[in-house]
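Each chain carries a letter (A, B, C and D) given by its place in the written order, and its residues are counted from 1.
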Amino acid sequence: MSLLSPPAEEQSQTRTGSSRLDAVLRFRELGLVLALVALVAVTTSANSRFLSQQSIRDVLLATAITLLLACGMTMVVLTKGIDLSVGSVLGLSAFGTATLLSEYPSLPWPVAGLVGVALGAACGAVNGVVIAYGRVPALVATLGTLYVFRGIVYFWAGGSRVNAGDLPRDFLDFGTGRLLGVPYLFLIGVLVVLVVGQYLGRYRGGRDLYAIGSSEDAARLAGVAINRRLLQVYVASGALAGLGGVLHAARYGTVDASAGSGLELNVVAAVVVGGVAIFGGSGTVYGAALGALLLTVINNALPVLGIDQFWQRAIVGALIIAAIALDRLVAVRVGRSLRRKDSHVG
Amino acid sequence: ACGGTTQDDADDEATAGGDEPAATADAGGEFETGLSIAMLPKSVNNPYFEASSTGAETAVGDLEGEYEYTGPSDTSASSQVSYINTLSQQAADVILLSANDPNALCSSLEQARAAGTSVVTFDSDVDPSCRDAFVSQVDGAEVGRTLIEMMSEQIGGEGQIAILSATANATNQNAWIAVIEDELANNPDYANMELVTTVYGDDEDEKSFQETQGLLQANPELKGIISPTTVGIAAAARYLQGSEYKGQIALTGLGTPNQMREFVKDETVTEFALWDPTALGELAAYAGAAVASGIITGAEGETFTAGELGEYTVGADGVIVLGPPTRFNAGNIDDFDF
Amino acid sequence: MSAEPARTRLSLGRLATWDVGVVIVTVLTIVVAAGAVEHFGTTRNFGFLVLDLAPILLLALPMTLIIVTGEIDLSVASMVGLTSSLMGVLWNNGVPLETIMPVCVLVGAVLGAVNGFLVTGLGLPSLAVTIGTLALYRGLSFVLLGNTAVADFPRDHTAWAIGSIGESWLPNVVIPIVALVAVFVVVLHATPIGRSVYAAGANPTAAAFSGIAVGRLKFWLYVTSGTVAGLVGVFWTLRFSSARADNADGLELTVVAAVLLGGVSIFGGRGTLPGVVAGVVLLASLQNALRLADVSTEALTVVTGSLLIVSVLAPNLTSAIRSAAHRRRRPRPPDEPMHLLSPKRERTAS
Amino acid sequence: MGGASVDRSPNGVVEPVVALRDVSKSFGAVRALRGARLELFTGEAHALVGENGAGKSTLIKVLAGVHRPDGGTVELDGQAVEFGGPGDARDAGIAVIYQEPTLFPDLSVAENIFVGRQPRGRFGRIDRAAMRAAAEALFARLGVRVDPDRPARGMSIADQQLVEIAKAISTDARVLVMDEPTAALSGVEVERLFAVARSLRDGGAAILFISHRFNEVEALCQRVTVMRDGAHISTDPLSDVTVDQIVRRMVGRDLGALFPERTAEPGEVVLEVDGLSNEGVYKDVSFDVRAGEIVALAGLVGAGRSEVARAIFGVDARTSGAVRVAGRSLPAGRPRAAMAAGIALVPEDRREQGLLLDLSITRNATLPRTRSLATLGFLTGASERRSAREWTGRLQTKYGSLGDPAGTLSGGNQQKVVLAKWLSTQPKVLIVDEPTRGIDIGTKAEVHRLMAQLAAEGVAVLMISSELPEVLGMADRVLVMREGELVADLPRAEATEEAVMFAATGQQEAA
């Protein structure tokens, strides 16, 4: 029944698809970088102070915390999940850390920081168990814990707040301090991005997340330990939100029960703008980081450009839509070109 | 007295009088005991209202009433409506309310009053027709004048200034800002000062922080910031403290001593002002009890005694003013704890 | 394995469980609360309750259909805000209310159509799109009205919004609510359109292969969602007699929570409207009762969140436990005589 | 009598590598397996046959650790084992190609093959170059060319199946299980697959092969196990049994002819396809189908047949050309218009395109007809259930209850539900794309009879099939497509195996 001659040796030529795909993916992040550069250029030409040291530092500081949460969110979204509780977790951890430090001023702040991270990880573990073992859809579970964790902070805080004056000096200094002009917080954010990026790109555990998000059934059949991975992912997201909370406390000094409210949608927005597919399986943490940076820069640039404050939200919204529309456009293009060359017997 | 946070409106006044349940002031009358008095703040997780609540609780204790502190966790008018309905359902005698919106609460307040609940607003008013009395922390004009005066002192009466406010709709904020604008336009002492912009931090720490940052970037010539909100001034101070602008930019406004102590000590902030929120709550509770006991009806000229705070007189539109704001600086800040 | 009656009964039971469960829990909650919480069982309180749940229930109707098709609309609250702002601006400009109200509903429909176009025309994921329009519409509503509030709406209109039918305690809004609920229930559960909605959610490709214009269907659902949001915007404005840019801020999550509590699957293809109505009523009456019982706001928040999780977790757990128990109780398979041709036999033989 | 397998054991070991003993498994009230048995020896290729829903896939899922059996044991090298999940089975050397491709659409082909087993370099980092090279080597071994870097999304079913095969052979498993791996493949790929399977078998692996195609079973296997209703019926060396015997054991009765006699005279032209083109996929396809005629559309996988069918039905766009039903032109891209004109399309991928797996059988079977089943525009459910019962009954579909999700049916019964769904619309033009893929022989004969009956009733039937015997057995006329072009229109008399192959490949048969 042999109908065709055996394939010619054309192995050498099979790489074309990869380079095109890579080019496109690189283009995705390049697009973000270009948008960033353009925005900064325009803003700077309108007001040269935008590129002053102080101003850059402000942007970096403002990005740092979103960066952490975006890393966690990227991992979660890659598995086709979502973590809407990050804002509440951040609030819980920020308040917990600040309270701890204000009540035990002699405690070294890194210890309190670890407690904050652990608190976040514990919240993440709750999400993870409910999602992985309780089979509750992530959106439902984390929407629930968004309320629960926030309720707990309210409960704990009552109407009280921790003021900067109650916190140890060195902790606050850490919040604004910098190394070679770069804020510590931003360095932490970048470090986390790099570590998570490596993990997602080059380690089996990270690739498993893509596999789960791409097709959970297939992942199960391929022997991926889905439940364990999901648990890990939500713990990681929680821990990063916890770390975010610690940094939040250090940076703002004043912490009340509403810290981080409504942050979740910003983080999701950053991740989406960064090209992470909301339905799992594709995207990189670098893109998400650029998305976070872009959104922060916009937030900082609009007032500088003298654009009415009321327009800011509208512009951010439009930008989110533009970003996903762009992704879609690229995906359609790639899809079309892949389809053309989809012939398997040489 | 001046209208404080609400615009004078003769018509409203007239209808208000007409709508009210038949009540006549009994100036010398005794406070009733056993009144159930509830305080409904803008939101419950705010230390400022916590302090007010402490004061109100003391007063209610003195009056041998029942006290409750309840409210939403977000600062929206619609959530407050649910709480007003609940309180009127529970047949509370007095609601002490700090309103998130001057109008949105009116219909439910009217229903509550129709059911026999007395409504006294404090801190942030509603339309005068929907409440019995308003306990203003200070005379609105007085606050505005104090703020601009402090700023002028700190920047030497010359240069650009900006305002960092709370939410865009906050009644009291907008009234004070109007006074500041008016002073700048008409008072020759401030002829060399210019208000460049007003931004809104929504009474959120982060937002206020970022808005401060934006202000300084957008306005390189800026000399000072007035933030007539406790959240805003603390966030702005915190930003200035960690930035190169520390000591370059004057910051004043309304803040609590506990929150600001650190910034005054390290000279980020020279002087700011506030009234005593505890006393405000206490006065509100007495005013509420006075209304419920028929001692006052909210008509101009009526008087009542608010425990140790002394005697107060109801002004036009049912406004009762606590007193002038206190200024806090390195010299006196350690004398206060709230 | 032909049709066994036992199996039929079982599957019917399985289908009915969720809705009936939510309804029962809701009724129980109301009965218990009426007995245990002072002031809860009064007609006046029920009036308040209905007013409180009206916007959530109305928004939940189209949201249910959208979620059943496997999409989501997070921009509903922002559409409410934007139509509310628009109402204020138009009123400020002297447009009569009789014109304003239909215009606002129409604009709501247009806003929904924009969502619909982005989702179906461009094929973008609805979660991301509507997070975008959530920000966009809210931003535009601030652009329209800024920090001002418009409050001088005519009294007869605002009074209608909170008023009651005749002498009864039933608020006027009950009429449009009942009408809309009835329409949505019939459409979803007893018409070809409803069947298409489920099909589109269960498998859009197969639905398209069955002649269902999935894109068009979803588009119109978004338009419906916008239209209802426009209606709610008008109602909200009149009820609070206050047009403000931040009206209904954050309501979208409450609506989604209520829909999910009602047993609608976030993945589409599953859920019923009676369940959703019960879910909304449950959430609202529980909050109302707890507030009356002087339970703090914090507890309300925690209860809402836990309820949401438990509502999905509980059925999962019970079925897991049931199957575990089943496995433990399973009878040992009878020892069948070894088949003549079995290779096992060969092994022993050799 | 089973001594044959002992002889074939290369090292004289008589213990089976894998044995499933008295395995039972229920899904709710459905008893998928009741005392099923199976033994695999090294160096043998073993066929597992049975009707749709006999429990074959379920049995291998137990073997693969996907399902935990309710009773019975799985033995590896004589030791009872309990797999916690598919990973355990894989680690034990069992590789499975599942009936339905299970790829990760977003991952590259290479990663799809190596998920969880990616070659690692320093610091445990994944060595992408090594992974790509290994994937290329695998495809070279299969003699196909697939770009290891492309994502799996958008691959044709055949390509997906090839990746599955590459995945399975990449583990160098001791046991290779293939659940209908050839259903989507054309002859040449099947040949290559068998070549690889034989070499694995000769290298000492045990092969379990599930198929409904007996010629393939005969080409590859030494022994055959027959299952019926979840139970073991028989195991024999293939040389000892005839196809007829096997079929009788499978269905529990004698089977009539696979292809029915047909004498219908074609009537008027019902379906006209005129110059249909879609950039880059197919071009200028023109043909017509008469009432009462069965026209087969043959060609190699990827020739563009399904695309043409989809464009006729209107689910896919077309760049130019016209489709007419009974002289009336159909608008492009409007399936509902096509349905109104009397076209029905039974799509090739039943899980993706044919069924709503989570919804009930009733909903699936009545979906295209909700409007006509409604009274005054309202549906109460009763009419839908009646219709569903009638049509699934006509097709002898096996199910627990009509309310069960369609996804719980066996592959063949799922296909019957799709057929029921479309036949219930009583179409004038019936387009069937691979109508008997994955269907057991008994049902296949039924489907064929049904198609013949429909044609006799005056329905114009367009049948796309990759199975040559089916094409030749059923069609009045055979159209052949090659690389997107219609290259031959052979009347029944001229349609021989050679002629169709020649047209499909554009060259004379090589060997």
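Of note:
Keep in mind that, in the parts below, a contact is a pair of C-beta atoms (placed from the backbone, for glycine too) under 8 Å apart; a residue touches a chain by one contact, two chains touch by 3 or more.
Keep in mind it's a predicted model, so treat the numbers as computed, not measured.
For chain D, the chain whose average C-alpha position is most distant is B.
Averaged Cα coordinates give chain C a centre that lies 40 Å from the centre of chain D. Chain B and chain D have Cα centroids lying 74 Å from one another.
None of the residues of chain D touches two or more other chains.
For chain C, the set of residues touching two or more other chains reads 142, 146, 245, 250, 296-298, 301. Shared contact sites, meaning residues of chain A that touch two or more other chains, fall at 150, 154, 277. All chain pairs in contact, by the document's touch criterion: A-B, A-C, A-D, B-C, C-D.
Within the complex, the chain C residues that touch chain A are 74, 118, 122-125, 127-129, 131-140, 142-143, 146, 245, 250, 253, 256-257, 260, 265-267, 296-309, 312-313, 316-317. Against chain D, in their complex, chain A makes its touches with residues 1-7, 10-11, 14-18, 21, 198, 202-204, 207-208, 210-211, 213-215, 217-225, 277, 280-282, 335, 338-346.
Residue ranges on chain D touching chain C, taken from their complex, read 1-3, 5-6, 14-16, 19, 21-22, 24, 28-31, 34-35, 37, 39, 41, 53, 70-72, 229, 232, 234-236, 313, 315, 335-336, 338-339, 345, 347, 352-359, 363, 367-368, 370-371, 374, 377-380, 398-404, 421. Of all the residues in chain B, the ones that touch chain A in their complex are 44-47, 49-50, 53, 73, 199-200, 204-206, 209-211, 213-215, 217-218, 220, 234-235, 238, 241-245, 258-259, 261-263. Chain contact summary for the complex, chain C toward chain D: residues 1-4, 6-8, 10-12, 15, 186, 190-192, 194-196, 198-199, 202-203, 205-213, 269-270, 327, 330, 332-333, 335-336, 339, 341-347, 350.
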